[in-house]
Each structure stands twice: as C-alpha cells, then as structure tokens.
Amino acid sequence: MTKQTLILIQCQDAVGLVSNISNVLAKHKLNIITMREYVDEENNKFFVRVVCTGYVEESNGLYSHLKAVLPEKASISINPSKRKRIAVLVTKEHHCLADILVRNYFDTLNADVCAVIGNYDNLRDFAERFDIPYYHISHENKTKEDFEGELAVQLKALNPDFIVLAKFMRILSPSFVKEFEHRIINIHHSFLPAFIGANPYKQAHDRGVKIIGATAHFVTNDLDEGPIIVQNIKNIDHSYDVHKMKRTGQEIEKAVLTRAIQLIVEDRVMLNGNKTIVFKA
Amino acid sequence: MTKQTLILIQCQDAVGLVSNISNVLAKHKLNIITMREYVDEENNKFFVRVVCTGYVEESNGLYSHLKAVLPEKASISINPSKRKRIAVLVTKEHHCLADILVRNYFDTLNADVCAVIGNYDNLRDFAERFDIPYYHISHENKTKEDFEGELAVQLKALNPDFIVLAKFMRILSPSFVKEFEHRIINIHHSFLPAFIGANPYKQAHDRGVKIIGATAHFVTNDLDEGPIIVQNIKNIDHSYDVHKMKRTGQEIEKAVLTRAIQLIVEDRVMLNGNKTIVFKA
Amino acid sequence: MTKQTLILIQCQDAVGLVSNISNVLAKHKLNIITMREYVDEENNKFFVRVVCTGYVEESNGLYSHLKAVLPEKASISINPSKRKRIAVLVTKEHHCLADILVRNYFDTLNADVCAVIGNYDNLRDFAERFDIPYYHISHENKTKEDFEGELAVQLKALNPDFIVLAKFMRILSPSFVKEFEHRIINIHHSFLPAFIGANPYKQAHDRGVKIIGATAHFVTNDLDEGPIIVQNIKNIDHSYDVHKMKRTGQEIEKAVLTRAIQLIVEDRVMLNGNKTIVFKA
Amino acid sequence: MTKQTLILIQCQDAVGLVSNISNVLAKHKLNIITMREYVDEENNKFFVRVVCTGYVEESNGLYSHLKAVLPEKASISINPSKRKRIAVLVTKEHHCLADILVRNYFDTLNADVCAVIGNYDNLRDFAERFDIPYYHISHENKTKEDFEGELAVQLKALNPDFIVLAKFMRILSPSFVKEFEHRIINIHHSFLPAFIGANPYKQAHDRGVKIIGATAHFVTNDLDEGPIIVQNIKNIDHSYDVHKMKRTGQEIEKAVLTRAIQLIVEDRVMLNGNKTIVFKA
C-alpha cells in the first residue's frame, strides 16, 4: 500500500477553508484521496478529515503552512494514524474482551492491546492464552481513591493511547476521568439515554420494550455519560425474559464496542462538545 | 379462503391447559392451524391465541365448554376477528394519516377507517379526496373538558373499535382515556422511554444520539405512556440536523404505527399489565 | 434558505483536482458546504459532488473556469438541482404509485409528478383523486413496436426528467430504452441478482430463502438489469407463504423505489459504467 | 432449572393432531411450556416442537403412546436436546472458527467442540490455545477420494453430531455428503442464490450491489446448495472495494454461522425437503 498522510483539522468556520487547505496540500505534492468535512452551523465550527497519498515528515513545514491559512486557534493534527495502543479494563463479563483479544491476535484490530486490567481475576486465563499481560487490581477493601490510584499508576506505566472499559463495572471519579481525558471509551449496556442506572435489562424488561440496545461513548464528567460514538439495537419481543435480554444485549454490546474502537483507532472520530463527528467512509 | 375461528384466552397458568383447550376444540371439529401461547412465569399467567379452520356460532356452546376446563376468571374471546372500525385523530402532520388512508382505499388495512377527526382543519382536503368523513373539532378557546367532551360525543356516535392518534398532539385527560380504555393507540415520536416530553428530535439532536426511533403504544393513565406494541429505529449520524432527524423520524413513525394497527386489527396483541404480548405469526 | 449552487464533475483522476476545483470556487466566492468525492482507482476515474452557498449564473464563466483546470473530456454539471419532473408508468399494482403520489401531494418528494401512464386503466381513479393526469395506453392487440411508439409519443409530449417504472410489467425494447437513456428508473421485485425473471416471490418461496428484497436501478440495455441505485431486504421465515412474501416484498419495493427517486432528484446519484456512485450525505 | 422434555414430531397433516399430542403429554404429567407448530399446506405436512416441564425416561411408553395417535410414518424424536458435539472444518480463514472456539471456551455455545480439522495447518496455534485437538489433513498431492477418505476416517473416529464447515473451501463429493447426511452445516459467502461460485465478493463488487450477505445452510447433494437455515446482510455503498466487502462479509458470515449453530444445537431446525422450518422462540 502506498504511504498515506492523514490530517484532522478543527477550527472556526470561514469562507474558503477547503480551498486554503487543498492548496497547501497540493503545494506539498499530497494528492487528496478522501476529504470529509462537516460544518456545525449552530456553533460555527468546521471539521475536516483528509487522507492523502504521499507522506510528509513533521519537520517539512506542512503544519505551519496549514496554520497560516486557518483561523486562529485551529487544531491541526497531522498523521495521527500511527498504530494505537489500547489497555482494556474489565470486571467479570468476558464477551467484549474476548472479541477484542481475538481481533488483536489475528491482527485485524488496527491497534495493539498492551494489557488487560481486571478488578477480578477470572478473565486472567483467557487473556494469558493470548499472551496478553493481565493485571489484577482489586477494588475490595480499598477506598475508591486508593483503587483508582493503583489503576492510574498501572495505566501511566502502560501509557496506552486509549483505555477501553469493556464491561468495567466501577464508576470512575471525576479526577480519574480528568486525568485520562478524551482517552476513555465505555460500552453502556443500554440504548442511552434510556435506562441509565443499574440493571438496565431488568428495567427494560419491566417496561416491556420491543427493542434493546447498547451505546459506546467517551467517558467524560458530564452527567449524561459523555459523547456517543456508536449505538445499535436489536428487536425483541415479549418472550424475552431478563436473562435472554441480557444475552442478546451482550451481542450488541460487543459489536458496538468493537465498532467504536475501530472508528477511533482509524482516527475517524472527532469530538464536538458533548457530541461526536464520525466520518465512517 | 376457508372459514376460520379465532380464539383468545387469558387466564391463570395451570397444568394441562393446552390439552384441555385442544380437546374442546377437537370435539367441536375445529382443526388447529396455529396455536401460539405464552406463559408469564413471573405472574403465573397464561395467554393463548388459536386459529382453527371451521367456524362456530357463538351459540353452540364452545364458550361454556372452554370455560368449564379453564381456571376461574379466565378471559375467553371467540372470533373477535370481525373487521374492525377505526377512527383516526390528527393535528397537523399528515404522514401517518396518509399511509392509513391509502391502505384503507386499496383495502389492505384489514380494517375500515370510519372517520378522521382533526383539531385543525388542514387535513380535511386529503381525507375528503378519499371520501372519508372529516370532523373538525377545534381545541381553541375551549377548556380541555369541553374539547374532550365534544371529541367524546363524536367518537361515541362513530363507535369505532379503535381510536388511532396519528400525531394527535393534545394530551388526553385520565377521564377521557378511561372512557375508551384499551382502545386508544398512539404513536410516540421517540424511542420510549428516551426523550419523553416536548421536542424529542431537538432533545435527540442535542444529545448527539446515533439512532432515532418511534414507539406505538396503547394509551393508558400510567405515567410512562402505556403498553408498547411496536418500536423501531433508524441509524443516523452527526450530519442530521433537527429538521432531517424529524423527517427521518416521520418515516419511522408511519411504519411503526401502521404495523401496530395491522397487529391489533388481526387480534395479535394481548395486554399483560403494562406490557403487550404480540403474536406476530 | 440561502441560495446554493450544486456542481457535479466526473473526469479522469489526476493530482490536485480538489485543489484546482476549490480554487475556482473560491474565486467565484462560493463557500463549500459539502464536497463528496470518490476515486475509482481501478478505472482511474474521479467523481465529485459539491454544494456551495452562493448562486452563480451559468453565464458567469464558472463552467469554463472549471473546464480549464480539469482533464480533457471532464463532464461538468452546474446547478442541475432545479426541480425535476417525473412521469410514472404503472401496470396494475398500486403500492409504489400511491407512495409517490401522496408525497407529491404533500410536496415532500422534491420533484413534481407530471403524469401517470398505465397499460391498464385501474389506477386512474387513484391518480385523478390527486388531480394527476392519467393516460391509459393499452398494450393489448398491438405489436410491441406500436405500443412503445405510443408510449414514446406521450412521454416526449410530457418531457419528464425521469421516467419511473413503478411496477410497470412490460419489458422495454433496447431502442425504447436507448431513446430515454439514463432517465428510466425501475423497481425490481427481488434482491438482484437473485431471482431474475418471472414470479420472483414464487421462486424465493420454493428456494426457502430467509430474506427477501427489492432493487431500484437504472434501466439500460445491459443484460443484468442496469446500475443498482438502492437495495433493501426484510428477514422472513418458513411461515411466509407466497402471498405473504409478496405483500412483504411490496413494502420493501415501495420504500426502495421512493428512496431511489429521492436520491436521484437531489442529484446524489452518478453513473459509473454499470454501477452507481451514491453520495447520501 | 427444572428438567424439561423436548419433543419433535413430523408427519402427514390431519385433524386433531395438537389435541392428540397434548392429551398424551397430559397423561404423562408433562406440562407444555411452548408448542410451536407449522403446517405445510402445499405438501400436507405437519411439524411440531414441544417443550414440557417434566422429564421422561425413554422406556416409559411416551414414544409408543404418541405413535399410536399419529398418522403412519410419523417421525417422533423425544429429548434430542442432549448436548451436541461439533467438529469444525476449516481452511485458512479464522473468523468463523474463532467465534465458535471463544463461545466454546466460555461455555455459551450450548454444545461442545470436539475437534478442528484443517486442510492447512495455520489455524492450529489458535485452536491449541483453547486446548482443542487440531488435525491437519492436507488435500495436497492427493485425489479427492483419498482426501475425503482420510477426512471420513477422522470424522467417524470423532463421531460428532454436526460437522460445521467454517470456511472450509473444498467442495465435498456426493458420496461424502451422503455419508454424513443432514449433519453438515456450511457458511456460504454470499446471499444465496446470488453469486454462487468462486470469488463472490469480486462478483458482487463488479455488479455494484448495495448489499452483501451470507447464508448458513445444510449441505446436501442438491445443486443449489441445500436447505437454508439463516441469512443476513449488510448495506454497503460504492466506496467499498473488494477487500472491504470481504472484510464486511466475514463479519456477517461469522454472525450467520454462529446463529445457525445455536438454532441447530437447540433443536430448533427441522428439515422440510429442500427448506427448513426454524422455530426461533
């Protein structure tokens, strides 16, 4: 495959941005393959993701040439598409973790899993069958502060690009979330904003819904669970008891989380306040 | 098509119910084509829908023979599958009404629309093109009580089996709902229980969801909008503004409401507290 | 809504096309809102659809300025987004026609239906309820040549932008198709390329498939039915007889054809040999 | 969980079958939880799947009591729901196998994988990480007869209930298929009956389809690939090259095959000539 350069830009909207950007790229002999842009008219913001053939060194002035033709405070990211490192946090459920580790083993994840951290030890065997380091950091008999302190030390040692909460059932404190801002991805076992809270499948069963869903989102300190990346659902009927709803929900959770990881490691997701821009193609 | 008899039974669960019921049917020379049952184990309730070839007069003792082999207080309904009459209530939006009237015109609704009642007059022209009586009952300059009084008078004169709220944007009072209990079907412009309340598409847009949906449900005096019959969704992305979300939502609303009507007029929906049992096939 | 200019370009691929195009647009004070491009690497072809705010007269040189910066033989279309006129051809089935005429009546089609032509007369009543001219051109007791001759005369008199075959069940001859090249859209009652030929639902039923579908496509003289625009499906099971499969199929046909019309009248579909490029957003 | 008895019956249709069957079950103190039946009216055949609470020994006369009330040649199967053993055959692609082995490891397959047989050796490492025996039986430098002979010997030694072809790319001869009749399940990398033959994703890409799919089916000696169990699809667009279509197709293949295995091992699939009856709930 030919070398490619990936560029992400986020700035105030203005006339001529596409022209300005494409001119700079043409001068650097970069041929645009796909250019996806989005204008948030409400907030007057411009987002663009450009893939070009041709490869540039960071030192060749592309950044400053782009900076020069863009509005003040523009955020420019050149070539962030280096392979990402992922740490996976789990509790007891295996379905999301298993899907991630299998893809990691067969190298179809477009990223590398550097470690699994569990607040229980029961998924160690599975992780180690794939030669992935497993760290057991129990939350038991510890304050939240101490538990999160241990987590943070381990995560800083691993230094992953993203932390994936693959059914990690501990609520993280604002200070922890702050420390790893925009780097934590969670799978929520419901179709947000429905059924926030404990036992979502029990809630859904009691309400008699005909659809269940799952939501992958960035973890922020917003009350409503952070910017949504991917959601999906499955139709169900009255014959589903809580157990069958949960089992069905797990299949959706797995698919939704894996899809979100894929979009993120391919730099297809940009943050826009409490929302995401997702350039799928 | 051969004459068929449709039987719906709802009672306390017990051993041998299917056997008891099928024996009675066999004695009446009714051949079971489909028999769908559901046991709500939590509440110890039994539901069954039986379609038989052969036709029985109500007078031939089938009802009492079934009654004799079922638990006390069993609800038995024989042959409710006579063609239903439907009254449609609307406000200003046309999409659900139009779909219903077209199907009514081409006789694919399995029911007859006897009238349209609008609290505005703007859908009169469309209804009258199909020779459907249109009653304009304005809510303006009236108390809720007076408005609903007029509605009730008209509905009682029409005497429909079901009242379909096809984007009827007035909230009905408990006493009105009580009067037409289990006969009012509503389309809710969101994927309940998310985005209850006004401007659901604005709410959904602000939250940045990746899916929008619609819910058809019976109207009851429960706070959470009543038993859900059908729900469906469509995937969306960041490029949908409120207007496009609404337009997309209207397509789902239309499909979901029409599907719910179809299930109801074919006697495929049974109520189970605040939930529904839907025997699709 | 602000005035917009829509530009469609199709040409050989080359380095710097996006830059060249956006420069010309910037000089004409056109601000790019969305620019979607596709490179067919196999055939070295470049396709782009640009929407700009600002409106240009055809006379102001934009065409020649674009022509000057593009490869030879580039096809450039400026502002084709004027409202399209559609003629609908039908046989006996109503479902697709009804959906089109209802949207036309409520002005949500983004196009105008100028006439319906039927080789039977049974849909006249429906069309006339919406004040749409209905022309009955029977195929009976005529050679194909004569029948198509009459059709062509009527269509030329109507001069529609697109001819929609909304379950028109006569096979059109190559010379007729040639005459209205790239302007005829058909709905095929199957998930092409499966079940080409007569009685597709009977074929599907005999084969025991678990999915049925429909395909909207341009009609060409290619053997395999022409470039596909939209396809969709619905899951079914063993309980579907041919009749129920057909009824279900009709719902998909309707949705797929309407979607295809919408994409075409918004100039979102470009032809690439026997395939289509569809810029949905 | 309470002990349950599962009964599958297939016979000529007749009046009173449900009554006859449910009477026998009631006499054996078996309480019907779900009873799903299907009448193939075209061929006058009756199919039923009954789940009862209560457990019967094979020796207690239930079989002969049922036999006595059913038409001649009725096929009756009592309690086939013992846990099934599965052998998986693979070539080089891992995606289906991986999903099966992960579910087997976490015991969510409702069956046991007894072995993997590959005509290449590259999936051995993965299988052995899960302690599953891997047999490499190469087809190279062998006649088809010899190759299949070795396969048959190994399979007879393993004696699985079902043989799953999880992207096993060798075409099996009629005599081999005959030997394991009704026990071989295949995943076909297309939406049958479209794109039968080699390189289905290349075919699909060349045709410009907007949907790709996969089909799980029983392998028979019928020309058209045998009775279909599960099919599913995914919408795609022009931007999918052959590689991306294949990768997307693999996700569908995996989901469809796993779903088919689940339905089969839960005895929810009955054969009806070249079709299947699938009682999902």
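Each chain gets a letter, A, B, C and D, in the order it is written, and its residues are counted from 1.
Note that a contact is a pair of C-beta atoms (placed from the backbone, for glycine too) under 8 Å apart; a residue touches a chain by one contact, two chains touch by 3 or more.
All values derive from a computational prediction rather than experimental measurement.
> Chains shared as neighbours by chain B and chain C?
Of all the chains present, those in contact with both chain B and chain C are A, D.
> With contacts counted as defined, which of the two, A-C or A-B, has more C-beta pairs across the interface?
By the number of C-beta pairs in contact, the winner is A-B.
> Distance from the CA centroid of chain A to that of chain B, rounded to the nearest Å?
One centre to the other, that is 41 Å.
> Measure off the straight-line distance from the CA centroid of chain A to the CA centroid of chain C, and report it in whole Å.
Comparing mean C-alpha positions, chain C is 38 Å from chain A.
> Find every residue in chain D that makes contact with two or more other chains and list them.
Residues 237, 239 of chain D touch two or more partner chains.
> Across the complex, what residues on chain C touch chain D?
38, 41, 191-195, 207-211, 213, 224, 227-233, 235, 237-239, 241, 272, 274-278, 280
> For the complex, give me every residue of chain B touching chain C.
94-95, 98-99, 102, 105-106, 108, 126, 129-130, 237, 239, 247, 281
> Would you pull the chain C residues touching chain A in the complex into a rising list?
My answer: residues 15-20, 22-23, 25-26, 29, 31-37, 39.
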